[in-house]
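Shown below is the structure under consideration.
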Amino acid sequence: MSPEPARSTNPASTADPTMTMVSAINDTLRAEMARDERVMVFGEDVALSGGVFRATEGLLEQFGEDRVVDMPLAEAAILGAAAGLAAGGMVPVPEIQFLGFSYQAMHQLAGQIARFRYRTWGRFEMPITIRTPFGGGVRTPELHSDSLEGQLTNIAGLKVVTPATAADAKGLLTEAIRDPDPVVFLEPLRGYRGVKGPVPRGEYRVPFGKARWATAGNDVTIIAWSYQVEVALRAARSLAEQGVEAGVLDLRTLVPLDVEQIVEAVERTGRVVVVEEAVPTGGFAAEIIATINEHAFWSLEAPPVRVSGYDTPYPVGQLEDTYVPDARRIEHAVLALLEVQP
Amino acid sequence: MMCEMIKGRIASDRLWSLQRQGQIGTIAPIDGQEATTVGSTWALDPAVDWVIPQYRESLALGRFGPDVLDRFAAWALGHPEGGHLPDPIRVFPPQISLATQILHAVGLAWSLKLRGIAGAVLVFFGDGSSSEGDFYEAGNLAGVLEVPVIFLCSNNGWAISTPTSRQTAAASFAAKAEAFGIPGVTVDGMDPIAVHEVVSAARDRAVTGKGATLIEAVNYRLNAHTTADDPTRYVPAGELEAAKERDPLVTFRRQLEARGLWDRDRQADAERAGAAAIDNAWNWATALPLEQTALFDHVFAAPTQRQRRQRTDLAAYLGVER
Amino acid sequence: MTHEFRLADIGEGLEEAEIIEWRVAIGDWVARDQPIVEVLTDKSNAELPAPVEGRIVSLSGAVGDIVEVGELIAVIDGDTADAPAPTESNDGQTAEVIETAASAPDRPRPAGGIQTFQHAARPRPVAVAPEPVIERTRRPKASPTTRLEAARRGIDLATIDGTGPGGRILLTDLDPRTPATASPDPEGPAAQDVGRSPSPPQPPSVVAQRATTAPPPVTEPSPAPAATSSDPPTAPDATFAARIEPLRGIRRVIAQNMTQSWTEIPHIHAFAHIDAEPLLDLRRQLRASGRAEFDGLTPLAFFAAAVARSVRAHPQANASLHFAKGEIAHHEHINIGLAVAAPQGLVVPVLRQAETLGFAGMAAQVRALVDHARRGAVDASDFRDGTVTITNFGSLGGEQALPLIRPPESIIFGFGSIDTRPFVVDEAVVARKTMHLVLGADHRLLDGDITTALLNHVAADLANPINLILGD
């Protein structure tokens, strides 16, 4: 199990200032596996093929078949085995091929992994990082695009991490793998290659629970996470041309949540739009707005609004562009919000 | 083994009474499954092997030390320490979500293999659990990975009110091993010696790198499923009476007495020791301190800011209430 | 010591049980866990064992009675002074354990189907609680910021008539005569931060505050903002409209500002009609001079120079009236906004510190600003801090117009088209190139004499444009 010295089999490990998110993830997995031999990667098609998005490409060659493992096609087995491995002292980084497939493992995720530390009252840690792509807009078949963060954040004992940039993908994944608790690491399908940017070289960690201003603005606050940060930025640019300065707050992690920055933003702008791809009822945007009402109510100049999917199952390809929020919808919501007089 | 079986039965009865007195919540009695639990775990080495129980077995896991019963009493009492089996006791707490623990066993056994530890993982589950997807996923995965795990299906004839005939059309539960590519064995689960023998063999296979074994131990549930169940509604007349003839506490005692290894005094000593064990466990459990703000302990290694705030609010609220 | 034994919920959510059989009598000695009574619950028969060793002092209820969870079943005196001999007890306990072990499955056996039937047939109270009558009252509608501001000023919202949608009380509806107090706010820092909210009748929203950063056009209807071609949010309703377009972007900002100007500012207008030929002659000469700064020289440069000189001569016009605060803000610099038709709509880039510029510098800057605006190469910083506005509606062919002031400015100059018109020169009507000038002023701040003087100063300079080049 001794790792070989790191080889540069991946072009992304050079000093590319515009690395894709998937390359950043691949690099980070490689670095963490080299750093800690307890770290192991397993899931469906992760070893020989390097993952359906190539996020685990080259890991098998570098770290061997004990630590990079193609699993039988069974999501519950992947996560259930991860729990046992963690109890046995390993640091599992399982992959669920698409978040929508996690329904078939929800009893292990919500019923077991999330509460293992709690039900054993601290005896067993679950330092598991579940990597899984999610989100829509790329014409996948059913259940490949579902955004389930509202369900995941409703499970006490899970951390839910949603990087929006390539650098954050590295910094947050590093943090997730080193975190002693289970983390669901949500990777945006559209962001794998659609999001590019400079990525710090060497050790880079981004602490959980610290939101990031993707762009500043004092007229209105747009709160988003994962790929919708990119969409919100597009809306903000368009709004700027109309004289509206919209700030975009990238939450980075949903659990833990940076309540302080959300409250600060509302106190400053009094107007909030929360963007999510998911079904709105009972979703995480609703949680954010409830949080705003609890902690920043007196600063509100207008009712907070959501731009989200709809209360329907995630639709098929010809309907998905209507379902998934785009910059135009966000812009429209912001302009309508700005018309409300306090 | 006889002493532990008696202890298990007495502890189970005592907890049953405590439930009827309103001192604890629902509990699942062990009656009829003592031989399977004790015979199998006496084949293990507590220094390297692990046990992952379902929710009855912890009454008779004395092989892994008296702490197991103490913690089980606390678990029944609803104290969070009940789920904590302190290191290095290689026992998991009771599992309520049926069959999930079978996959944990495979993962844990996988970690032993990866770390080069010559131990095995014994996982208990019932005939009902064998219908869960996790059982099949676990059996399949263990076959593929060749990990040192022993699947012990404690077939007591009933999954609450559903009889074996409604769980499977297979000839036996052990027969399912064939689909996993691992050996399957059926054994008389009312005979601790027979159970000990097959589990010993399975353990040998496990620690010598030969992989997993599925064992079906056929016993009978001599009591209700739990304190909330009424088996007279569904158990056919006469079936229970017939099964009682096979009660391991009776048959094994006769066996031992026939060989001159057991007598009335030993029986009385074992019963006193068993009663003392559960009384000690109960006394230990009821003396455990507990602050209501412990609610927030052990969700994460370190609480989130929101949890800290909730805890502070709760403490203030409770302070006001007092 | 006596112990009260009460019925517990022994079946995951049971509420009551029926007494089937007493297993002990008052005065009996019972061992711990010895059955006292058999009960029938919704789920099963159950024996209830004694929680402590002792003598039965009392038993509650007769066979057939229903006992609620929490009700007293028995009182046991745990004083062991009169307990049976310990050896007997020990043996009894041991025997009991074995007996229990052997007969455990018997415990839940029901007494018979009859009890079950009786149990099921037992009448239960059927009462549907009537719904409470809710008296429908309505609290005043207001946003959190408005509520906080009202509380801060001690205003009872119930006494305010809301002018917002659905009768909502707007921040601007709060009585402006009651200023905010500076007392510490009980709502904490979050609430105090709300103090940034401007007092009425200043622009209450961020939209209006942005008036200076994204100024509206002045007189002429501007092209609609570059259409974002999304569908309207709602389908056209029964109103007489072929198409309903959401009001947004620059158009919305303009609408808001012009509404404020029209409804809040009492305008006064002054007019002049001048001979424009000297101006055209001078422009021709300067353009022919070959000097770069006069290349492409337009009348707008003359207008700006004339306005700068006039305002400098009448500095009281370079001010903003803040009525609610009871203040007049006098501006240090003369910053002239030039209304220009640009790709994104009519924009008003600002010529800064016009009082410091000579004519050549003025001409160069005017040309640069207009060029930038027409190319869409201006940003928010180019729109800020205007104090005076020029609208050159004449360049669009307009002869005369009544321009509206852009709050918080106080004056706006308009310049009509230069055309051949009858004009009196030396007591004779002749055909001349002439133009109409107009000045709109905030009559709260500027009286008629100042207004006339301001316009006449401009008219005089434009009629004798050499003044603009020579200066004072």
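Going in written order, the chains are labelled A, B and C, and every chain counts its residues from 1.
The rule is short, and it goes like this: a contact is a pair of C-beta atoms (placed from the backbone, for glycine too) under 8 Å apart; a residue touches a chain by one contact, two chains touch by 3 or more.
Here the structure is a predicted model, which is why all the values come from computation and not from measurement.
Participant: Which chain has its C-alpha centroid at the greatest distance from the C-alpha centroid of chain A?
Facilitator: Following the centroid criterion, the farthest chain would be B.
Participant: Counting C-beta pairs in contact, which comes out ahead: A-B or B-C?
Facilitator: A-B
Participant: Distance between chain A and chain C based on Cα centroids, please, to the nearest Å.
Facilitator: Chain A and chain C have C-alpha centres separated by 30 Å.
Participant: Hey, how far is the Cα centre of chain B from the one of chain C, in Å?
Facilitator: Chain centroid spacing, chain B to chain C, equals 59 Å.
Participant: Just give me the whole-number Å value for how far the CA centre of chain A lies from that of chain B.
Facilitator: 38
Participant: Using the touch definition up top, name the residues of chain B that touch chain A in the complex.
Facilitator: Residues of chain B touching chain A: 80-87, 92-93, 97, 100, 102-112, 114-115, 121, 133-134, 137-138, 140-141, 144, 297-301, 304-306.
Participant: Write out the stretch or stretches of chain B touching chain C in their complex.
Facilitator: So the residues of chain B touching chain C come out as 9-10, 13-14, 17, 19-23, 25-26, 29, 31, 222-224, 227-233, 240, 244, 247, 249-250, 267-268, 271-272, 275.
Participant: Can you tell me which positions in chain A touch chain C when the two form their complex?
Facilitator: For chain A paired with chain C, touching residues are 218-220, 238, 240-245, 263, 267-271, 295-302, 328, 331-332, 335-336, 338-342.
Participant: Enumerate the contact residues on chain C facing chain B in the complex.
Facilitator: My answer: residues 5-12, 32-33, 43-51, 93-94, 97-98, 100-102, 104-105, 107-110.
Participant: Residues of chain C touching chain A in their complex?
Facilitator: Within the complex, chain C contacts chain A at residues 143-148, 164, 170-172, 187, 190-191, 193-194, 197, 204-207, 210, 213-214, 225, 228, 230, 233, 246-250, 252-253, 344, 380, 383.
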